[in-house]
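Both of the next two complexes hold subunit A, though its partner changes from subunit B to subunit C.
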Partner chain A sequence: MAEIRLEQLTKDFGSLVAVRDLQLTVPDGSFTALLGPSGCGKTTTMNMISGLERPTTGEIYFDDRAMSRVDPGRRNVGFVFQNYAIFTHMRVYDNLAFGLRVRKPRPDKAETDREVQRVAEIVGVAGILERKAGRLSVNDMQKVALGRSMIVSPAIFLLDEPFSNLDAAFRAYMRAELKRIQSEVGQTMVYVTHDQVEAMSMADQIAVMNLGVLQQFGTPQEIYNSPTNRFVAGFVGSTQMNFLPAQEVPIELPAQARNGRSVTVGVRPENLSLVAPDSADATLKAKVNLVEPLGAKDVVHVTIDHQDLRVIATPGLRPRIGDQVGIAFDRQRLLVFDDETGEAVR
Partner chain B sequence: MASLRLEGVTKRFGQVTALNNVSLEIEDGEFFAVLGPPGAGKTTLLRTIVGLEKPDEGDVYADGERITDVYPGDRDIAIVFQNLALYPDKTVFGNLAFPLRQSKVPRKEIRKRVSRTAETLHIEHLLDRKPAKLSGGERQRVALGRALVRDPQAYLFDEPLSALDALLRLEMRAELKHLQRDLGRTLVYVTHDQVEAMSMPDRVAVLREGVVQQVDTPENIYHRPLNQFVATVFGSPPMNFIPCTVAARNGTLSVRHSLFEVELTGEGLSIRESLTEGAPCLLGIRPEDIRVGTGGGEGFPATVYVTEPLGGETVVDLRLGDRVVKALAPPSIDLVQDAPVRVSLDPLRLHVFKEDGDTVLSAAGANLFSVHAASA
Partner chain C sequence: MATVPATARVTAGSAAVVRRSPLRLLKRIARWLAILLMAGTFGFPLYWTVTMSFKPQDEWNPPGKIFWFPHQPTVSNFTDILGIAHASNIFFSGRSRSALTPIYHSLIAAGSGTALALLVGVFAAYGIARFRAGGRLLPFQILQLRMFPPIAIIIPLLFMWVYLGLWDTLQGLIILYAAVTFPFVVWLMRSFFQEVPREISEAAIVDGCTHWGAFFKAVLPQAKGGLAATALFVFILNWSDFLIALVMSQDHSQTAPVYLQALQSGSSGQEYGKQAALAMILIMPPAIFGLSIQRYLVRGLTFGAIKR
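Take a look at the complex of A and B:
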């Protein structure tokens, strides 16, 4: 196990700066997600941690040991990639045992059996150890890949979008499994993803990146409830946050927000509600444009002067397209962003 | 305008049966979705309606008239494919006008219809541009426009939004829904996306391995699925299935788990014939219909496997015996791993399935079940 510390890490590829001045400490034994859209620098960051890329400037520490000149093979790091790296011609058992058999001294048969069995149970392939890996479903192959990396007990475990080839139901299942595995095994885990649901649901803390620059580092709750800027606010959340020019929202904003600058109000769809248009709670009036039933809830799309707003509603009171409705705001949950810098105003 | 009907349509490709005895009635002016995983036969179904595939058995009807042997070009049905095939060297106007020029529509009429279509789709300002100069969403609109401009009896759409990014897809969903309402034409819409199938159509046909599983409103597909497969097509996370056993005692009938018992009451008892005492069955319940509480009180005991905060809500994975089930809780819930909790199941939202997956009973809001903690 190890703490990972990135000090002023920069990586450029010619004129393209992939990662700029990254300062980040991943605590020992934590589950940390690197989250961002494609091209944000998350995979380059991970490649520098593993040693596949060397930083242009800056340093990487595992605990207090500088790593940038250490070979990838000597960093004691385990990997799982999007494309499951397994030996398709081997049995599941041999795939799992591989990492042990190349170790020196080579563990005896009894110890190998014990380790394979232990990891197979953790990742849920104990019942199929004798099967050829190439004959497995995509879902089971990814479990084997996960098990292969775990069995060598690396100090640090890196995962690069490991679930993106899996179907939705299995992804939902694996999210819970991986989170549970990490808490039981206690290894430091760094998980790269562009899927905010994965980052939110599994990680202890999330580093949100955009265009090579760290935007925010915090717990899922901090990232969701107190985003530092408009990018983070818009990137995180299953139904995207609504942004409205402040002058269109007849609500008194905090004093700092009115300090002569142009600002935008951000409000999450679940912090808006539909009320009767003539209700005292109706801050704005709008017209219903589309109702998207999602089962447990509806996303109601409404229009105000060509502005689209999304409102989460309970399925019981489903409005019809074209209905006039009032929109009530949860005033405790409004966010304000500076139009010039995009930074949150508090 | 046209109603469409498929009667006992079977289509085989070598060993593979792509459509297996499919019968469907699509009403005139209806927004009808066909939902299923990749390989379910959705695209073959569309190609059969438009005439690009000839069924091995069965017939296709439009407005009650058999069209199985009618040449595709004479069916007056327009199809929009997943991969937008625009002519790269023609302008938007040229692309829209092409189907009309093919059918020798007079030039003045072409101009009128193209400009009306462009207006409907908000692409009037793009008529002089080539496709390469358009965004993804604009190109998608032009592809739709090429179907609209012909003013056919019915439209068939094959996953037209799947190539677009999430935000654009959202916008186009709203627009398509409006467009279909305004045009009032029959629209058959093929998709594997549950949100599209829930939000846009009047009715949905759920297709699996060439067989129609259920045809119903999105509401009924959600609340009254006919089998376990249909129960999983809507909902995120999907419905939980908990293995149980049928138990009968002193004239009562129940579905029993080591932690709880679901007794059938009132009209629920009417299905007693379809359940055999001692038979294994599955209790189905959606994550939002499971309530998780701390401390004492109602429900039965369970432990927290993990919690997955999503911001607006939290998925709580619960360990019930040797199973993990997912429940949805408000984001304010604060639970640590392995914490003991009390769990209650909403009796108005339960489903019982036979072991083979057929639905025995869905509460769908009716008072058919009562749930008790198992007696110690």
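Take a look at the complex of A and C:
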């Protein structure tokens, strides 16, 4: 178990700055997601925590111990890669035992057996220990990869998009499994993903990154309900947030929001609702463009003066394309962003 | 209604077969002719060598006559070559020894040369593939060693080797064989190492291996098919070398191909039967080597470690 503290961490590759001044504390035993689009620096951050990359400047602490000069093998971290990286020339057993066998002192055979068995049970490969790892299905390969990094009981568990190559059903299963494993062993887990649903559903905290810079660090609720800037607001949420120039929204914004600045109003699709065009609640009138039925809800795309909005509607009142509708706002849930800085105005 | 069309279908079907068949037959004949032609082109020299090795001397190359197969088959070519029946041939042209010593020289020179080339080349290839060691141009600089024909440098090399005392020594041959095949090892192994995902070595390193440990325990086993293929390729190159050995060896390190070429006598000219017998023997080491690593050759080139 360990707390991870990143102090002013910067990594550049020549002129490209992959991570800039990253300041982040991952609490002991927590499950933290690093979320961001491709190339945002999340994998580089993981590589620095694991020791595969050395930071250009800044320091990494595990429980107040500076780590950036410590070899990867001595940091007591487990790493699960997106591409499994299992050793296909070995049996499943030898893959799991690998971490033990390269340790010093090397545990004896009985202990190795016991540990392999224990981990195999946890990740669910106990029945296929004798199989050649190269012959496994993709799903089993990822289980083996997970088990291999678990066997040395690392204090810190790093997972770099571990499930993105799995099919959807198995991914959901593995997510639940991972949550269970984490609650059982209680390690500090850092999980890299570009999938905000994955981050929201699994993590205790989410660190949203973009272009090498930390955008926001907080609980999933904080990230979702009070994003600190327009990037976070737009990136998080399975149906993307709507952004409207303030002058197009006939709603009185709080005084400090305006303050002479040009601002944008952000509102999540589920905080809009469809009403009759002549209703008193109708703040705006719009034309229906497209309806995406998702079962439990519909995503209705509407147009107001060339501005597209997405509205979540209950399937009961499904409008037809071309209908005139009124849009009602949940006024408690409006967010305001400064147009110049992109920062949220509160 | 449902039963009637059965016969109709059969008739229609066979008619269609009859209509299409002449062209099809022609195509098949043409295909088989092409196959036979190819097989003959490649197979006949082998057939000729095999049969020649069992022909007695008067069937080798008699004027105005061709023996398509041995009329009086004999193994004397083999026994002569291997020094088993030395005294039987008084015209043995003053060669004081059998083919055993040259074969031994060949095995040592080609085998050690291959091992040395692999030892140096495999590490170089990994450095280039994984760490871009030496920069972008190094692979080409290495390949450039092979960009002119060996004959162009063999005379200067001869002087150097004489000066260094390496001429007509097995060590000298080993160094040369390693040097000329080293570029092949680097280029082949580089591409095999590039096939091994970077994460394989990173996973091993995070688990506690050093870079060396990761290389030997994780990366090299993943590339062993490529290693086997490279070893075989390089061994065949070294084993069949004639030019370097011809210039660089005489008595103390004469290799089998050079010995083979020298199999001629004043009385009978080229000793075709013995040359064929020696050729048969010389086929065997690469063949045995190839068969013994066949498992890796077939399997090793595909990796299931990574989903692309």
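Just so it is clear, the second predicted complex is superposed on the first by the 339 of 346 C-alpha atoms of A that agree within 3 Å, B and C clash if a C-alpha of one lies under 4 Å from a C-alpha of the other, contacts with A are read in each partner's own complex, and residues count from 1 in each chain.
One rule holds for everything that comes next: contacts are C-beta pairs under 8 Å (C-beta built on N, C-alpha and C of every residue); 3 or more make two chains touch, one makes a residue touch a chain.
Just so you know, these numbers come straight off a predicted model, no measurement behind them.
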Clash or fit: subunit B and subunit C on subunit A?
-> fit
Which superposed partner A:T283 touches (first subunit B, second subunit C, both, neither) = neither
Cα-centre angle that subunit B and subunit C span when viewed from subunit A, reported as a multiple of 10 degrees = 80
For A:G134, is the partner it touches subunit B (first), subunit C (second), both, or none of the two (neither)?
-> second
Counting only touches as set out at the top, which of subunit B and subunit C does A:V102 meet: first, second, both, neither?
-> second
So, does A:R148 touch the first partner subunit B, the second partner subunit C, both, or neither?
-> second
Report for A:Q307: first if it touches subunit B alone, second if subunit C alone, otherwise both or neither.
-> neither
Have a look at where A:M202 lands relative to subunit B and subunit C in the superposition and call it first, second, both or neither.
-> first
Using the superposition on chain A described above, determine whether A:Y224 touches subunit B (first), subunit C (second), both, or neither.
-> first
Smallest distance from any CA atom of subunit C to any CA atom of subunit B, in Å, after fitting | 14
Subunit B and subunit C footprints on subunit A meet at residues none
Of subunit C, residues touching subunit A in the complex = 197, 199-200, 202-210, 213, 217-218, 221-222, 224, 303-307
Which residues, counting only subunit A, touch subunit C once they are in their complex?
-> 50-52, 72-74, 77-79, 81-90, 98-99, 102-103, 134-135, 138, 145, 148-149, 152, 165
Report the residues of subunit B in contact with subunit A in the complex, numbered from low to high.
-> 167, 170-171, 173-174, 177-178, 181, 195, 198-199, 218-219, 222, 232, 234-238, 286-288, 305-306, 308-312, 315, 317, 324, 326, 328, 331, 337
What residues of subunit A sit close enough to touch subunit B in their complex?
-> 168-169, 172, 175-176, 179-180, 183, 197, 200-202, 220-221, 224-225, 236-240, 268-270, 289-297, 301, 308, 312, 321
